[in-house]
Amino acid sequence: MPAFSFNDILLLATTLFSVGLAGVLVRRNMVFMLMSLDIMLNAAALVFVGAGARWHDATGQVMFVLILALAAVETAVGLAIILCLHAHGRPTLDADTGNLLRGWNHG
Amino acid sequence: MNPLPALVLLPVVGGGLAWLAEHIQPHTTTPARDASWWVVLGILTVETLLLVMVTFHHPAHAGPWLGHFSVPWIPAMGIAIRLDMDGLSLSLIWLSLILCFLCVFLATRQVTVNAGAFHFLFLATLTGIIGTFLATDLFLFFFFWELMLVPMFVLIAAWGHEDRQRAAMKFFMFTQGSGLLMLLSILGLVIAHYQESGELTFDYFTLAHTPLSPAVSMLLMLGFFIAFAVKLPVVPVHVWLPDAHTQAPTAASVLLAGILLKTGGYGMIRFNVMLFPDAASHFAPIAMGLGVAGILYGAWLSCAQDDVKRLIAYSSISHMGFVLLGIFTGSRMGMQGAIIQMLAHGLSTAALFLIAGAIQDRLHTRDMYRIGGLWTAMPRLSTAGLFFAVASLGMPGLGNFAGEFLVLLATWHVSPTTATLTTAGLVLSAIYALRMVNRIFLAASRPDQHPIQDFPVRQMAVFACIMVFLVVLGLYPQPFMMFSAPSPLSVTAVTSREGATP
Amino acid sequence: MGEILLPLLILCPLAASMIVSVSAGRMGACAIGTVACTGVGISAVISIILSITLLSGPPAGVLQVTLWPWMHIAGFSADIAFMLDRVSMVMILVVTIVGLLIHVYAAGYMRDDPGIARFFGCMTLFVAAMLVLVLASDLLCLFIGWEGVGLCSYLLIGFWYNDPANTAAARKAFYMTRMGDVALLCGLLLLATATGSLRIGAVLAAVTNGQLAPSGVNLAALFILVGALAKSAQIPFQTWLPDAMAGPTPTSALIHAATMVTAGIYLIARLHDLFAMATPIMALTAILGTLTLLMGACTALVQSDLKRILAWSTISQLGYMFLALGCGVWQAALFHLMTHAFFKALLFLTAGAVIMRTGHEQDIFRLGGLRHAMPGLSAAFAVGASALAGLPLVTAGFYSKEMILSGVWHVHFGLTREWTLSGHPLWGIALLGAFLTALYIFRCVFIVFCGKKQGTSATGRTSRLMSIPLGCLCFLSLCGGVIEMPDTLPPLHLFSTLLDPKTPLSHADEPIWLVLAGALAPLAGLGVAWVLWGRATPVMHEIPGQAAIIRLARTGWGMDALYDRVFVQPFRLLTWLTHHDVLAHAITATGRLTQAVSGRIFQARTGFLDILSIWGSRGTGWMAYLLGQLDNGRVRWYAAWIAGGLCAGLAMAVLS
Amino acid sequence: MIGHDIFLPTPLLVISSGIMIMLAAMVWRRSVGRSFAYGLVTLLLSLAVVGHHPGRMSGNGDSLFIQDRWTTYTAILIIFSTMCILFMSWRDVAHDGTTLVDEYPLLFMLGTLGALAMVFSANYMPFFLGLEILGISIMGLVTFRHRPVMLGYEAAMKYLVLSGASSAILLFGIGLAYGVTGSLRFMPPIATGEVPAALPVAATVMVLVGMFFKLSAVPFHMWLLDVMEGAPIPVAAFLAIVSKIAIFSSLVRYFGTGAQPPFLNDILSVVIILTIMVGNLLALRQASLTRLLACSSIAHVGYLLIAFLCPGHLQSGAITVYLAAYTASTLGVFATMTAFVVPDGPDGTVIAQWRGLFFRRPFLATAMSLMLFSLAGIPPGIGFFAKFEVAATGVEHQRDILLCVLVIGSIIGLYYYLNIIRVMMAAPSSPSSTLNRHARPELTALVIVLTIIVVIGGLFPARAIHPLLPAATVPPETRDGIRH
């Protein structure tokens, strides 16, 4: 009998997911946004591991590894973009200020 | 070879040739610039020959239907290119051709900036119109109904007068928007038929026999009615007409007033009254009320206008109110009256617009105060103007009166009070017509009027032809009535049509 | 042979009108005059030939010609058909002969007017339309003539279009007659629905054998009566005739004296079987006739303009005819119509000549003592005046008026069971009218011709071309009436037998004093007029204007002002209101049809009618603006939307 | 489980090998022209083999990929669009010799590979991989903007954050589905006994939200406007067309074309109504052409979803016609925009710059008008027939509200499409010198081809579209898979 039932894992994953989502919504700093994104992806990966355990099936593990790879790629590209933004004259890391693509008064 | 598809496609092909003709020698001397004009004239004559061929020797056993043509177009949806010609569509196509000749002789010569494109769009509109009159496949009808608007929109938006952009937008939005309602009705009818008989078809004749519950058929009929009401301008939705007419170039406003309004009337006869007879009879009182309202409101409004073209536009709203009234009286006499009124209105209003256009070309204004009396300066133009103003006020002996009398007689059978109310419209029409005559023709000429040259005799001869048409239509409408009766939708029509397939 | 002549009769003036108007620029004035006169002349000759053939034929003979079927549909059929019977024979004779004389006169009168081609084009067209009206055997065909006549009168009244007052008078005339035409059209529609065709014979047959309900008969008669009243400028519609004097005098003579205004009388006479069945309408016609007669006479009494006096006198004479029609003696009405055409045309033409020679002076108080300057014209005017007044035995007017008066005396309207209207009061007013007619016409004669010389001097001579017609008209006015004698005098009823051989019109028991009264009234009028204005020192040079009643009467009893305030002003306000198309604004106010972009609209134009459009487009603009605000470029805000969408989706799915 | 015989559709093979070759060539010597050429060649090859697949398709439906007429149809559309987009972007990238931009065509190829993976996937694994490859390559492409470089980066950043969040949601959904059904087969999880009923529903909703984000349906549409405005024109086209087609085809694959479960029906209806209304209303106020096209693509997704929501005889025809019409017209508009751009002149993204085009460059203006007419659903273009078909499906199902929204949406749509044509027809404000007509042959050729497709498609929709009709019938086995 596995130590934790699928529901407990699900509960943990959901809390982790909402923490990550809240992180994306609340934090203004772009780097922290990326970190919260990573948390959300790991939460999803956790569900896969739990599901894999429940069905005694390796697919969960495989999906977990894939999701890790994706998270890594996301973060790498994110950081690269933040660097470019910074290099091309956007001083702060704040996601809200300095937005050129504003709504309807642009162009 | 069946003449019907040629009749439809020839104008747009001719238009292409005219456009090319203008482009082949775009920068040489004036005669070359008229190359596209000559091509258009050639195309129109060929078109008339085709029409003559169709009119005078249609296959004997075709019964009331003069010509039939059917080729599958989108088999999966049951859509086919079905073209059928009966008396009604033939007479309206004759009207369109006459008006096109008129435009070509009198109006399109003044167009200087890229005349080739102008002629192409002019003939493309004609294709749309002839297609609308001939299509008996609901999808094809809707296709031509929408296609007709695009070249007219471009004509108004590119070659119009000062406020043309907004007018073209309003024109397009109104007609296109209401067209969408018609789309839903067409689809409703087709799907109802499909669910009933399991056969997906857009053929007008088979769809005419779908059994529908009264509520559904009333709903579908309303969808069609609104689309045609916008086009016919029935009063509440007439808003686009005055702007479109005043801002359109002369040739476009002649086409618009002369024929595009008639597609609304034709649609009502073909797709309202004949497709949903019982729903139409239930709806008749409201429609007749709208008709009378149209007559009175249009006439009342044109009494207040200072702009010549706006006055003529509002007067055509009033005349089209008679057509609506006639169609929904339900009797054959009312229908005949409406058709005669459509023909007569086509001729008289087109001529009035040509005259207003000529005045605008010479004096660069449409404001009646600034035009002043033209009798001394331009006697020929003013006589023509007087004649057609008198025709539009419904002088007995001219076409308009014949139509209006028949409509009034048919309405009297239905309800005398409506008829008496409509006759009040006749007094109002006298008021606006004579107010116009006494403002720009029979009036003291303005002191600062620079010398303007009158209509050349050649153009006056063209006007004389229209005058003769109107007098003949007024004094001897009998052949037109026999000739342009819409063919009955009875089963015989279907069987006889089957026999006539090529 | 008749079948060819009848259409030819109408074709000649039509052809003349075509030739004249098409060749407007190229023909000289006299050439145009001759073409017009020959056109009308030929039709006059034809009408005489036709009359002879008709009279030589059987008494009730009718010449029928159907040219072509006009409208034949289920339930209604109308053709272009003409017929000539005794009634229309009289009319075409009047129209063509008086028309010819007036055309000859006009050729001289209008010779130096630049628009002579347009003038004669319209005059000959008018004669053609009148002939169509008179000869039509299908009421719809009659309607063509009816409206054609109205159109020509509009064109001719507004002939000198440089002066806006003339064109305004022309439009007023057309609008008033158009209202009558609309009423007549309703009558035709009613008859057409009831009887399925508008042939006069068929309609009268259907009415007599009761195919139409009594209420329907009354209604149709009323509609036709209103049409006739408008055309003949009777009580409710009389304001347009005095203003119609703005046209050239030959037009007034032909249209507003001899022919057009009598079209209404001809129509009612033609449909007398229908009217006979509608007694209340007959009573109404009689009463309206008497009222118009009295009102016309009183107003003419105070007018100062020569042509306006004649206009009001025409209205009052037409009142006589309507009275006769109301009392059922339509033969008397037609007879009076004929004689009236003669002497009123004479009066108008003479007045025209006088005005032309005194340099367009129309005010009678500035014309004085012209007797010496133009003896011929004075004599002609005097003859016309006496015929109009109806001086006994000598003038035609006396016999026709006498015939009407005797007809009126004997009539009894059984309106309702207990209330019958007898003819005596009407006869009394008619007699008073005769007296007043004599009074105002001789007032005019004495002031213009017999008083001492006033400022204006007469120049030149009336050309021969104009004096011949005057001569003929004098002869017709004097001895035109002998063909119909009242019974007390030698019983000569040529005219009534001519008209209606079936029912001889003889009142054997007619009291002798009736004729005497009819004779004495005009003489009394003449005497009083001589006393007031004829003597060297006239008692009242001019009726003191300060009396309010006089001033009111001078302006046609204020009816003009009343109509203006009741009808014209509100109509003008209504049209102003719709100057910017109330309905259009209401419709465009549904938002996206106007420019949807809200930016330009907020500072849009103000004004009550535009609030609607602002509200509509602002609604759409506001929605679009709000959505635009959401799109503010902040990532977290978009992420919030996604989270919100997720939660909403989950909530909807799991909970529902 | 996955170990049995490998089944891999050939186009995927061809494109991945093509990408390998491009990478190798890049290592050897950088040349933009050559990489574009390689890209086009690989695409052409894949187009040739789009219907073919090695080996036998396993019957029991647990293979990773699937190939039938629907996948062939969408794959053709995707490959054709990418080829056109490569054609478009050839000019404005190549001339810039300075920066090394070999990666531009490479990223496009990667994006196509991701899209095709999603189209052919029958299992969550390839779908998810394809989705991520497409997402990441778009992030890269968006940054290739020239003049205001900052726009590109900002757009990329926004896209990264938002697509990351949505992929997380999608993954969570897939996780739940896997938890419920135990298999990664690409279909909505069915509630079996022991799992609480809410779980599969939540899983489906989360997967749907992930897809809706990519389709830019309304509550999740915000990113599209900014990203498309920030991205260069060809990338905006790629975003508006290829990613939408790929996602829509997997949506159809995932939910099948049968009747949807009730809860899904309500969500979809609400989303459709919101998408059409907001898409159109937003477009009313746009001053920039790319933003307007973004809104119009949002609205068109709404119309497409109507056809998806109403199963029946007409549905398959409607979906195929609408996809073709949408692709052709939007490609046409973007091609005309690129043709409009002049090296030093205006960049064509602001509507005001198009003023008086009818008089300066009549051919371009007519092409643009025809495309816009087709987008607005007016006869000469194929869009007319597409909207007709969608309305037909709507009427077949008596979806009154959706039809009303369709009508209102297209009327508003009329306004802003015609507004552009009106601006083009207005008298040119600045009598600018007639733009130097240096011919850009391949662009004019592309515009001509697309115009012909749109107009001929409009006149003879049957011939162009209907033979593909059967493609839309979702492959039997996945359908049976659901019904077991």
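For reference, chains read A, B, C and D in written order, and residue numbers begin at 1 within each chain.
Just so we're on the same page, contacts are C-beta pairs under 8 Å (C-beta built on N, C-alpha and C of every residue); 3 or more make two chains touch, one makes a residue touch a chain.
Given the structure is predicted, the values throughout are model-derived calculations rather than measurements.
Trainee: Between A-C and A-D, which chain pair is linked by more C-beta pairs in contact?
Mentor: Of the two interfaces, A-C and A-D, more C-beta pairs touch across A-D.
Trainee: Among all chains, which one's averaged Cα position is nearest the averaged Cα position of every protein chain shown?
Mentor: B
Trainee: Could you put a whole-Å number on the gap between the CA centroids of subunit A and subunit C?
Mentor: Each chain reduced to its C-alpha mean, subunit A and subunit C end up 95 Å apart.
Trainee: Taking each chain's centre as its mean C-alpha position, how far apart are subunit A and subunit D in Å?
Mentor: 25
Trainee: Which whole number of Å gives the spacing of the CA centres of subunit A and subunit B?
Mentor: So the centroids are 65 Å from each other.
Trainee: Taking the mean of the C-alpha atoms as each chain's centre, how many Å separate subunit B from subunit C?
Mentor: For subunit B versus subunit C, the centre distance works out to 38 Å.
Trainee: List, in ascending order, every residue of subunit B touching at least 2 other chains.
Mentor: 173, in rising order.
Trainee: Which residue numbers or ranges of subunit C touch two or more of the other chains?
Mentor: 628, 630-631, 633, 635, 639, 643
Trainee: Residue numbers in subunit D touching 2 or more other chains?
Mentor: Residues 157-158, 161, 165, 169, 225-226, 285, 411, 415 of subunit D touch two or more partner chains.
Trainee: Among all the chains shown, which pairs meet the touch rule set out at the top?
Mentor: A-C, A-D, B-C, B-D, C-D
Trainee: Which of the residues in subunit C end up touching subunit B in this complex?
Mentor: Residues in contact with subunit B: 21, 24-25, 68-76, 80, 140, 143-144, 146-148, 151, 154-155, 158, 161-164, 167-168, 170-171, 174-175, 178-179, 181-182, 185-186, 189-190, 192-193, 571, 574-576, 578-579, 581, 583-584, 587-588, 593, 595.
Trainee: Which residues of subunit B touch subunit C once you look at their complex with the stated criterion?
Mentor: Those in contact with subunit C are residues 166, 170, 173-174, 235-239, 242, 297, 300-301, 303-304, 331-333, 336, 373, 375, 379, 383, 390, 395-397, 401-402, 405-406, 408-409, 412-413, 416, 419-420, 423-424, 426-427, 430-431, 434-435, 438, 442-444, 475-478, 481.
Trainee: Any idea which subunit D residues touch subunit C in the complex?
Mentor: So the residues of subunit D touching subunit C come out as 157-158, 161-162, 165-166, 169, 198, 201-202, 204-206, 208-209, 212-213, 219-220, 222-223, 225-226, 262-264, 266-267, 270, 278, 281-282, 284-285, 411-412, 415.
Trainee: Can you name the residues of subunit D that touch subunit B in the complex?
Mentor: Touching subunit B: residues 313-314, 317, 358, 362, 369, 373, 378-380, 384, 388-389, 391-392, 394-396, 403, 407, 410-411, 414-415, 418-419, 421-422, 425-426, 460-462, 466, 469 of subunit D.
Trainee: Quick check: in the complex, which residue numbers of subunit B touch subunit D?
Mentor: Against subunit D, subunit B makes touches at 73-77, 79, 114, 117, 139, 142-144, 146-147, 149-150, 153-154, 157-158, 165, 168-169, 172-173, 176-177, 180-181, 183-184, 187-188, 190-191, 194, 200.
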